[in-house]
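Chain IDs A, B, C and D follow the sequence of writing; residue 1 opens each chain.
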Amino acid sequence: MTVLDVAWAERWMHAAAADVRDARDELTELDRRIGDGDHGVNMDRGLSAVVERLDDPAQAPRETVGQVLRLAATTMMSTVGGAAGPLYGTALLRASKVTDRADLPSSGVVALVEAALEGIVARGRATVGEKTMVDAWQPAAEAAEQAEDAEDGIDVLRAAAAAAASGAEATIPLVATKGRASYLAERSAGTQDPGARSTAIILAAAVAAAEGRGA
Amino acid sequence: MKKLLDDPAQAVDDSLRGFALAHADAVEVRFDPTFVLRAGGTPPGRVAVVSGGGSGHEPLHAGFVGAGMLDAAVPGAVFTSPTPDQVSAALQAADGGAGVLAIVKNYTGDVLNFETGVELVEAEGIEVASVVVNDDVAVEDSLYTAGRRGVAGTVAVEKIAGAAAARGDDLATVAALAERVVAGVRTMGVALTACTVPHVGRPGFELADDEVEIGIGIHGEPGRHRVTASGAHDITRRLLDPVAEDLELASGERVLLFVNGMGGTPLSELYVVYARAHDLLAERGVEVARSLVGSYVTSLEMQGASVTVLRLDDELTELWDAPVHTPALRW
Amino acid sequence: MKKLLDDPAQAVDDSLRGFALAHADAVEVRFDPTFVLRAGGTPPGRVAVVSGGGSGHEPLHAGFVGAGMLDAAVPGAVFTSPTPDQVSAALQAADGGAGVLAIVKNYTGDVLNFETGVELVEAEGIEVASVVVNDDVAVEDSLYTAGRRGVAGTVAVEKIAGAAAARGDDLATVAALAERVVAGVRTMGVALTACTVPHVGRPGFELADDEVEIGIGIHGEPGRHRVTASGAHDITRRLLDPVAEDLELASGERVLLFVNGMGGTPLSELYVVYARAHDLLAERGVEVARSLVGSYVTSLEMQGASVTVLRLDDELTELWDAPVHTPALRW
Amino acid sequence: MTVLDVAWAERWMHAAAADVRDARDELTELDRRIGDGDHGVNMDRGLSAVVERLDDPAQAPRETVGQVLRLAATTMMSTVGGAAGPLYGTALLRASKVTDRADLPSSGVVALVEAALEGIVARGRATVGEKTMVDAWQPAAEAAEQAEDAEDGIDVLRAAAAAAASGAEATIPLVATKGRASYLAERSAGTQDPGARSTAIILAAAVAAAEGRGA
C-alpha cells in the first residue's frame, strides 16, 4: 500500500516544480504558437514559489494534505498570473477543501481530482472540447472515478494521469474557443494546448511522488 | 534578441523603478505586491479609477496614472495579467471612500484575476464596479472565442472615466460613462513584425518580408490573417473599414480618431496612416473632431499600428478634453 | 523592408499632411517650400525660434512647434537637411519683428543650408542669430572630423530658447541662453539595430545578434565602435560615463537627465536605462533635478537609446519648467 | 572643333541627370557605407528637377552657357538638400558667373571648372585629402589648367573628367575628416567618397555631351 500523506503531497509539489521547470521551454513554445508564449514561465515561477514556501522553516508544519494544497493554491494564485494562475489556484483551493486529512484513501484521490476540475470549470466556464486544460482534467476525473474501487490510491492517480496525458494529446487537432488561443480560430489547430499539457505533467508528478520521487 | 534589459525576470521591476524615479511628482510605485499609485492618492470622496494587465504595453497602464485619469495601475509580468493580490492591494490603496471602477481588458487572465481581486476587496466593504473593454473588431466570431479583446480603445475608456471621476461623478455614473465608451469604441490593428518577449527570447511569430498580419492583438500573438504588404493606403483601409462598419458610423457623426503605434513604429508612419484614415472617414461623411496619434498601447518593440474610432457626443468630448496630468498623457 | 508608407518620395509630405490634420490647433503646415509654422504665428514683438533638419527624427523638430518652444520647423527629406529656400521661407514666416534664433544641428548639410538660408533673409532685413548644437560626445576627435554632431540635446536647446523667447527676452539673450544649454549638454547613444531609409530599402549597417553599436549618430550611420551586447547595466555605463566625464560633473551639481529612444525601443527599456543612469549619477553625487524619458529624437525604427545630461542652474531650470504646448511636449 | 555652347550645356545637364540616375544605387550604397545613404537619391532628385525646368517651355530661353548653369545652380540648391545641395549649388553658381557667353573656348572651360572648385571650397572649407568631392574637383581643375592650351575645349573637359575619375578612385583608402563620413574615422577607409564619385560622373557627362550625347 502506498501512503498518500502529507509527505507525498509535498513530494508531489517538488516533483511538479522540477518537471515543469524541465518542460518550461516546451510549454512556452506551445503557448508561443497559439497563445502569448508565457505559460512555461508562468508555471515555473508559480511552482518554484510553492516549493520555496514549502521548504521555508518559518512556515508552520503541515498536518493534512489539504494544508499543503492550500499553501500551493494561494502561492500559485499570487505568483502565476495570466489565465493559468486563477485556474490552478482555484483548482488547488477546491482540492484542499476535500483533503483535510493526514492521508488519502482511493476515494480521497478521486475527490481531489474532481474538486480541482470543478474549480477550473467554475472559474473558466469552459467545457470539454474547447482546447483548454479542462480537456485534461475532465478525462482525469472520469478515469479517477472509474478507478475509485482500487485498493491503492496510487492506481487512481495512475488512471487520472494517463487520462490527462491522452486528453492533452487529443487537444492537438482541436480549434480553441476559450482563452487566448481562441483568437487564432482555425490557426489554433495542430498545436497541443499548453494548459492541458501542464496538467498532464503535474498529474504525472503526483504518480512519481507516490512512487517515492521528489523526496 | 537584443534588449536594453538585464535579468528578464526582473525587467518589469527594473523598469518600474526607473518610472518611479522619473515621475516622482505624479506617481508612486509600491512593491510586494506591485502596483502604481497616483502621488498623494485619490482625492477623498472621489471615485477611484483603476486598471491593469500584463506589462509590455507601456505606457498603458502605469503611464496613465495621475490627475484626471487613473488612480492606480496594476502591472503583471510581460503579457501576463497581474495576480489577485496585486489587484486587491491596488483597489484598496486607490479607494478614496467613494468606490472604485476597475477597467479590465477582455482577456481570460485579466478577467479571472480581476474577478478574484475584486471579490477580496468587496469582502472588506469597498464598493467596486467593473467594466470590461472589448474594442478589437479583429475577433469576428465572439461566440466561438473568449470574446473581443481589449486593445487601444482602453485609453479612451480610462481617460473618460478618469475625467468623470475627477469632476465628482458617483461610481454608478462613472461606470455608465465607461460602458458608453466601450459601446462606442472599436479598434483594428496590423503587425509588420512580431515582438520578442524577454524571457522567451524569440519572436511570437514569423512574417515573410512582404507579409503583414492583419487583426493583430497586443500580446505578440499572431492575428487573424496575413496579406501581402501593400502600403499604408491599402493597409489603412483594411483597418478603418471594419471599424467604421462595426460601429455603423453614419454621415454627420463626430468621432475621435486614434492611430496607435505598436512600439517599434516611427511616429512619421503613424501620421501617414492617420492622414489616410482621416480621408476614409471624410469619404463616409464622418467628422474627426478629436485626434490622438502616438504609441500608447504597445506590444514591446513590435512594428505596426492600430486604428481606433470612438463615437463622440458632447459629454464624451467634454470629458476627453478635460485636463489630464499623467506621465504619458497631459493637457 | 516593410513600412506603413506608400511612395517613399512622398513619405515626408504624406506624414506632414497627417501631422497637420491631427494638430490643427497647434500648427500649420506650408508646402512649396515645405515648413511647419506655429498656429497663429509668432506673437508680435517676440523673438522667433526656428529649427530644422532632415526628417526621420520625429517628433523632432515639427513636434516641438507651438507655444513655448519652436515658432517654425523645417523638415528636409529623410536624413537630408532641408534646402535654403525652405529655411529662408520658414525664418521669414516665423519672424515676429524681434528677430529669429535658428537652432542648427552640427552636420555639414544642415550648417551649409541654414547658412545660405539665413543669408537670404538677412538680405531682407530680418535679424537672425544662429546656434549650432553639438552635444554628441561619441565624436571624440572633433579636430579631425566635421565636429561633434547635434543629437538629442537639441530638445533641451529648443525648449529653453523657446521659453526665453516666450517670456520676452530679446534675440541676444535668447541666443546666449541657447549657447549656455549647448555648453552644458552632452549625449551618447547606442544602437541595437540599424534603421532603413525608405528610399534605400536596406538597413544602414548590419549588426550581429550579439553586437551593439556604441556612439551611434541619428542618421542610421554606424557609430564609433561595436561591443558585444551586455545588458542595460553595462551599456548604460558606457553611455553615461563619457557624458559625465566630458561635462566634468562634480558632486553636488544638479542636472536634467534625458533618456531618449531611437524610435523602435519600448518605453519600458528606456526606464530601465533611466534607473541605471540615475544610479550612476547618484554615485557621482550628482542630483537629478529634472527628467525626460521617451522617444523624442529618433532614427526611424532604430532600436537603441541615448543618454543626455544637461547641467542645470536656477534660470535654466525655470525655463525648462515654463509651460510648453506642442504636439510632442506639453506641460 | 567641338562647340561648347548653350545646347552643349543643356545636353550636359541631361546626360548628367541620366548618368546619375543610372548610378543612383551605386552612389547610395557608397553613402550607406560611410554616410547616411541618401547621396544617390539627393542627386537624382536635384538633377531630375534641373532637366524638368530646362525642358519647361514656360522658362525663358537660355542665351548663354552661364544662364543654363545658373538655372541648374538654383534648382540644385532648392531640391538636393544635405551637404551636396549647397556644395553643387555654389559650384554651379560660381561657374555660371564666369561663363556668361554663348560658347566657351578652352580657357572658358578651365574657368568653369576652377570657379566650381572655388565655390565648393568656399562653402565646405575642405582641402584635398579629406575624402570629399574636393578630391575630385581639385585634380580636375589642375588637369584643366594644364590642358588650357588645347585647341579644342573638349580636350580640356576630357582632361578634367579623367582627373576627377582618378581623384575619386584615390579617395578609397582615405580616412574622412570632413562631412558625415568623418564620424566613422578609420572605418571610412576602403569606400569611395560618394560626392567625389558623383563629381566624376557629372564631369564625364560633360565630355559625353560635347561628343553629342544627351540631345
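Throughout what follows, a residue touches a chain if its C-beta (ideal position, glycine included) is under 8 Å from a C-beta of that chain, and two chains touch if they have at least 3 such contacts.
Everything quoted here is computed from the prediction, not taken from an experiment.
S.K.: Keeping to the contact definition above, tell me which chains border both subunit B and subunit C.
M.R.: none
S.K.: Return the distance between the CA-based centres of subunit A and subunit D, expressed in whole Å.
M.R.: 76
S.K.: Could you tell me the distance, in whole angstrom, between the mean C-alpha positions of subunit A and subunit C?
M.R.: So the centre of subunit A lies 54 Å away from the centre of subunit C.
S.K.: What whole-number Å value describes the gap between the mean CA coordinates of subunit A and subunit B?
M.R.: Spacing between the chain centres: roughly 32 Å.
S.K.: Provide the list of subunit A residues touching at least two other chains, using ranges where the numbers run on.
M.R.: none
S.K.: Tell me, which pairs of chains are in touch?
M.R.: A-B, B-C, C-D
S.K.: Taking the touch rule as given, give the residues of subunit D at its contact with subunit C in the complex, in rising order.
M.R.: 28, 32, 35-38, 41-42, 45, 77-87, 89, 123-124, 176-180, 182-185, 187
S.K.: Given the complex with subunit D, which residues does subunit C contribute to the contact?
M.R.: Residues 9, 33, 54, 76-86, 107-109, 112-113, 115-116, 138-139, 141, 144-146, 149, 197, 199-200, 202, 204, 217, 219-222, 224.
S.K.: Residue numbers of subunit B touching subunit C in their complex, please.
M.R.: Against subunit C, the touching part of subunit B is residues 1-6, 11-12, 14-19, 21-23, 55-56, 58-59, 63, 190, 192-193, 209-210, 212, 229, 231-233, 235-236, 263-276, 278, 288, 291, 293, 295, 298, 300-301, 303, 305, 330-331.
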